[in-house]
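Look for chain A in each of the two complexes below; its partner is chain B in the first and chain C in the second.
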Partner chain A sequence: MTGSFKLSKSPVLVGGIGVAVFLCVLEIAVETGMVMELVVPRPSDTFLAFPPVQEDMDLVGNFFVTLGMTAASTGIALAIGVPFGYFLYRNRRYGVAYEGWLAAAFAAPTVLLYPLFLVIFGRTYLTLIMMGFIPGAIPIVIQTRQGLLGVSQTLLNVGRSFNVSEREMFWKIQLPSAVPTIFTGIRIGVMYTLVNIVAIEYLIDFGGLGRIVSEMYFRFDTPGTYASIVAVILVSVFFYWGFGRIEKWLRPV
Partner chain B sequence: MAQAGVIAAAPAAVPHREATVFRIRLVTVICLLVAWEGLAALGSLEILYGDVIPSSWKIVFAIWNEITAADFYRDLGITFAEHIVGFIVGSAIGLALGIAMGVNPLLRKAIEPYLNAIGSTPKIIFLPILFLIFGTGIDSKMAKGALSAFFPVVFSTALGMILINPVLLRVGKSFNLNQWQTVIKIYIPAMVNPVITGLRLGMAITVIGVLVAELKFADGGLGYRLGNYYEQFRIAEMYAIILIIFALAALANMGMTRLQTYANRHQGGSAAHSLSVATN
Partner chain C sequence: MAGYLKTAALAAIAAAVAASPAAALDKIRMVNSTKVVFETEHPYAAKENGIFEKYGLDVSIIHGSGGAASLQAVITGSQDVVWGNGVLGVVSAYSKGAPIRVLGSNIRGVPDLYWYVKTDSPIKSFKDLKAEHEFAYSRPGSTTNLAVLFIKEALGIPAKAVSVGGPSGSRTQLMSGQVATGWSVFPLNKNLLREKKIRIIGTGAAAAALTGTTIRVIAANVNWLEKNRDAARRLMNALTEGQARTYTSDDQLKAYAKRWKLNYEDIKSAPMDTPLNSSTFLPVAGLEKINKIALENKKIKKLLTKEQLHELVHPMGNKPI
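Showing the complex of A and B:
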């Protein structure tokens, strides 16, 4: 009775036990031939496939390739997105005119543009960076404008009462107040950038982690394919968790 | 007096503002078209990217050719079937699990970290697993569609369940509503908005998921058609297919937004264009 009570108070433990049970059942199912090993490898084989994949395909090195592409795309998205968001805030009518277009562009399947970039830039890192930049910049523009529009009128009035210049008003009042909202845009932008870059890497067999997944599949190395997929999941979790923590820190209330 | 003047002037200012916004949009479109034609001209003179940027007339002509070609509708039908089946299956599973997570806090807290982890991952990397299980035919694209649709729906549904106003539930209890009446009178109306938000997101992401899967391995569908044009270097046709896909995706999104606004008509809300991380 006491044991079940404690278990119900520990959802993380329940989740962990659930995953462990699932993996054990899968291991037995593959072992007994209920699940084809060619389709789903034993979880233990997937775990053991990490060292060979690392040795053969340099998982860690390719993680840094994907990370570098994501950082470059995000850097360009920030350099263009924040000033453009500020422009849309300063020129309200432009903001209203482009608001709907930006929302539509955010929902559009921009990943399909990759054949065009392939034609223009070829199978190079520039294609990956450009394909990461497009979905990364849109949320940054939208959230920068939203963040600046949401700055408290009281704070602006206080600034005016102190006769601060326009430049000081921006750096000392508007930007600090808008940072949490802008960061939400950056977080969404980084996630979309990472997703697009891994997707394109997978589709064109070029670059970092996405290429490894594709290559492992073509070699019919099922445990290696699963191991590289788990590696991509871990990288996504790292990004999602890391940026979530920073966002919480910026927006404590 | 001055205030009265401002109030009186306000209605006149609205059409003026709308006209300015319209002018900005029109000028932007014209500038983009002129810039495009300029790049196309530079391309045809082989100064810049020959053939990569075709004239807008060539693209319009290619769109016309596409929509009058019989095999285009075959590919459209394949993509549509993959999308609809994937969307329905993924949404149904997402809805059921989302409700279960909303009803059972232990289940929600136990599986939420894992769902978040996989939800933020690019779903395309699961394609090799889907190819291994379902083969490279239409089934794997449907499964990919279902996987894409599942995550936004499960998150929105679970969140909708959690955010139901407890006052409403207490009012229901005070009226002695039975379980069925509570579901019909309280849960379903309160859940409409978040569920439709999830479905709208899910529908948009399913389109991308299915098309990307078709680009990798397929023998039919709009994604396959796009890939074929790329391999044959038929650039105008590539633009045409991309524009057609964008238009269809925008239409589907518009339809879901209208549905959401209609469902919200009694709640005084509108379909919010919130940004969220829901990956294809």
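Showing the complex of A and C:
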């Protein structure tokens, strides 16, 4: 019991042990032929595939390409999504009118629109950024509005009793209260942004990590494919961790 | 009474067996790696004209999304046979230990590929392509990439090879003026040719070094093949008959047009665009050349040995001698 208590105090360690156990089980499953090696490689082979993929396709450089594209898309999504969400909160009728449309647009597979974006923006990074921006912005808009709508009336009344200005009300009461909900939208948005960007890179054979996944897949280089997928996961981990830190900074308690 | 019941039960079983002829047929699961292209029509011709049944086969045909995904389905055993897969992919997968064997050639050379420009383009033929022009291909290491490299070499074309994705992506980028050329495969985009929106500047026949070299293949999962050698042989014979029908029957061409919602006028010349002498299932030719191309394109890490190339090809389903 004492041991499990200590583990629960170290969630990172518990998570790491869980991943290590999973990888060991997978290694054994592939080694014994329970899992087909051509479909899922040994984790050790995936690890060993990093240097050759780096040498052949510049994995690290392309990691930063995908990271940069995702950051740019998310930046635009934030710059447009949060103010638009606030606008929909302040103008309730617009909020009611557009929330359903936004939810429907979020559920739509916008990735299939890539030929249209290719026509508009060409075979450039701008296509990747814009295709990442759309699915990223929608949850941010929706969650910003929901977060602001969910601010406790008691807190607002307390603010009013102190005669705070509109600006102070927003920065000192509404925004801190809405931050967890807004960040839920941001986390969802950044994941959709990353998925869309990698998918387009894969489809049009252009850009960063998605292009490498595609190249390795078409070579039937399974460890190389998984090594590049691990790099995509690292991009995702980076954003998840980064936005977690920003959220804590904005709302320390 | 008991004797009567026994007789009735036997009669019922016999009637059930007689009523389900499919039960006697060998089931084969085939994945077709490409839709619409003319040479993918042969399995449909065999299926719709009772040729598979004549050979004791019940063949299901599904569509894969491109070569790698289709081949993966056969490697994992979820399908038995892949139709029209790029030979480079098969060689690459085999070199990594994939349980895959080639039953026959699907096409030799690339006569069915063509390159086009907008009608108002000053480019009239391959030879007009200059250094500033984009020479389109689908993706690195693909058949179209090979064709472009061989055409550039054969004709001394300085244009830069550019990856534009599949035929539809290529068309979009050409028509929106992003690239100077587009690539396609007969009979796709024939409507644009008919409407004089685009003009052909050359075909894959210009890749003379690839002529006679097997480019796409019919391949099977080796575990399935070892257990179903006779069914594989019958399959290839049925497909040969299906192919003969596609090339000779006007009704089959009409069925082809109807299946893919193509204009019959656009596909009438399909048997000439993809000549029969390039798409007979034998020989599986030029594998030594493919071996070298696969190495140059990093599809394999070292050249396959003569023995490996021999093991890879099971002509018409027969074990290599």
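Operating definition for what follows: the second predicted complex is superposed on the first by the 177 of 253 C-alpha atoms of A that agree within 3 Å, B and C clash if a C-alpha of one lies under 4 Å from a C-alpha of the other, contacts with A are read in each partner's own complex, and residues count from 1 in each chain.
The criterion applied here is as follows: a residue touches a chain if its C-beta (ideal position, glycine included) is under 8 Å from a C-beta of that chain, and two chains touch if they have at least 3 such contacts.
Source: prediction; values computed, not measured.
K.L.:
Check whether A:219 is in contact with chain B, with chain C, with both or with neither, and answer first, second, both or neither.
P.N.:
Touch partner of A:219: chain C, not chain B.
K.L.:
Once the structures are superposed on A, label A:203 by its partner contacts, choosing first (chain B), second (chain C), both or neither.
P.N.:
both
K.L.:
Applying the document's definition of touch, where does A:239 land relative to chain B and chain C: first, second, both, or neither?
P.N.:
first
K.L.:
Quick one: chain B or chain C, who's touching more of chain A?
P.N.:
Counted on chain A, the partner with more touching residues turns out to be B.
K.L.:
Scan A:115 for contacts with chain B and chain C and give back first, second, both or neither.
P.N.:
both
K.L.:
For A:62, using the defined touch cut-off, is the partner it touches chain B, chain C, both, or neither? Pick first, second, both or neither.
P.N.:
A:62 sits against neither chain B nor chain C.
K.L.:
A:103 in the overlay: touching chain B, chain C, both, or neither? Say first, second, both or neither.
P.N.:
first
K.L.:
Contact-wise, after the overlay, does A:123 reach chain B, chain C, both or neither (first, second, both, neither)?
P.N.:
So A:123 only meets chain C here.
K.L.:
Between chain B (first) and chain C (second), which does A:188 come into contact with in this model arrangement: first, second, both, or neither?
P.N.:
Touch status of A:188: first partner only.
K.L.:
Touch test for A:37: chain B only (first), chain C only (second), both, or neither?
P.N.:
In the superposition, A:37 touches chain C alone.
K.L.:
Check chain A for residues that touch chain B in one structure and chain C in the other, and list them.
P.N.:
38-39, 115, 118-119, 203, 214, 217, 222
K.L.:
Considering only the defined contacts, which chain C positions touch chain A in the complex?
P.N.:
67-68, 71-72, 75-76, 89, 92-93, 96-98, 139-141, 163-165, 168-169, 172-173, 176, 178, 298-299
K.L.:
Can you list the chain A residues touching chain C in their complex?
P.N.:
Going by the criterion above, the answer is residues 36-39, 56, 115, 118-119, 122-123, 203-206, 214-215, 217-222.
K.L.:
Taking the touch rule as given, give the residues of chain A at its contact with chain B in the complex, in rising order.
P.N.:
Residues 8, 11-12, 14-15, 18-19, 38-40, 93-94, 96-98, 101, 103-104, 106-109, 111-113, 115-116, 118-120, 139, 142-143, 184-185, 187-188, 191-192, 194-196, 198-199, 202-203, 210, 213-214, 216-217, 222, 225-226, 228-229, 232-233, 236-237, 239-240 of chain A touch chain B in their complex.
K.L.:
Would you mind writing out the residues of chain B in touch with chain A in their complex?
P.N.:
17, 20-21, 24-25, 28, 49, 52, 105-106, 108-111, 113-114, 116-118, 120-122, 124-129, 131-133, 204, 207-208, 211-212, 215-216, 223, 226-227, 229-230, 233, 235, 238-239, 242, 245-246, 249-250, 253, 273, 275-277, 279-280
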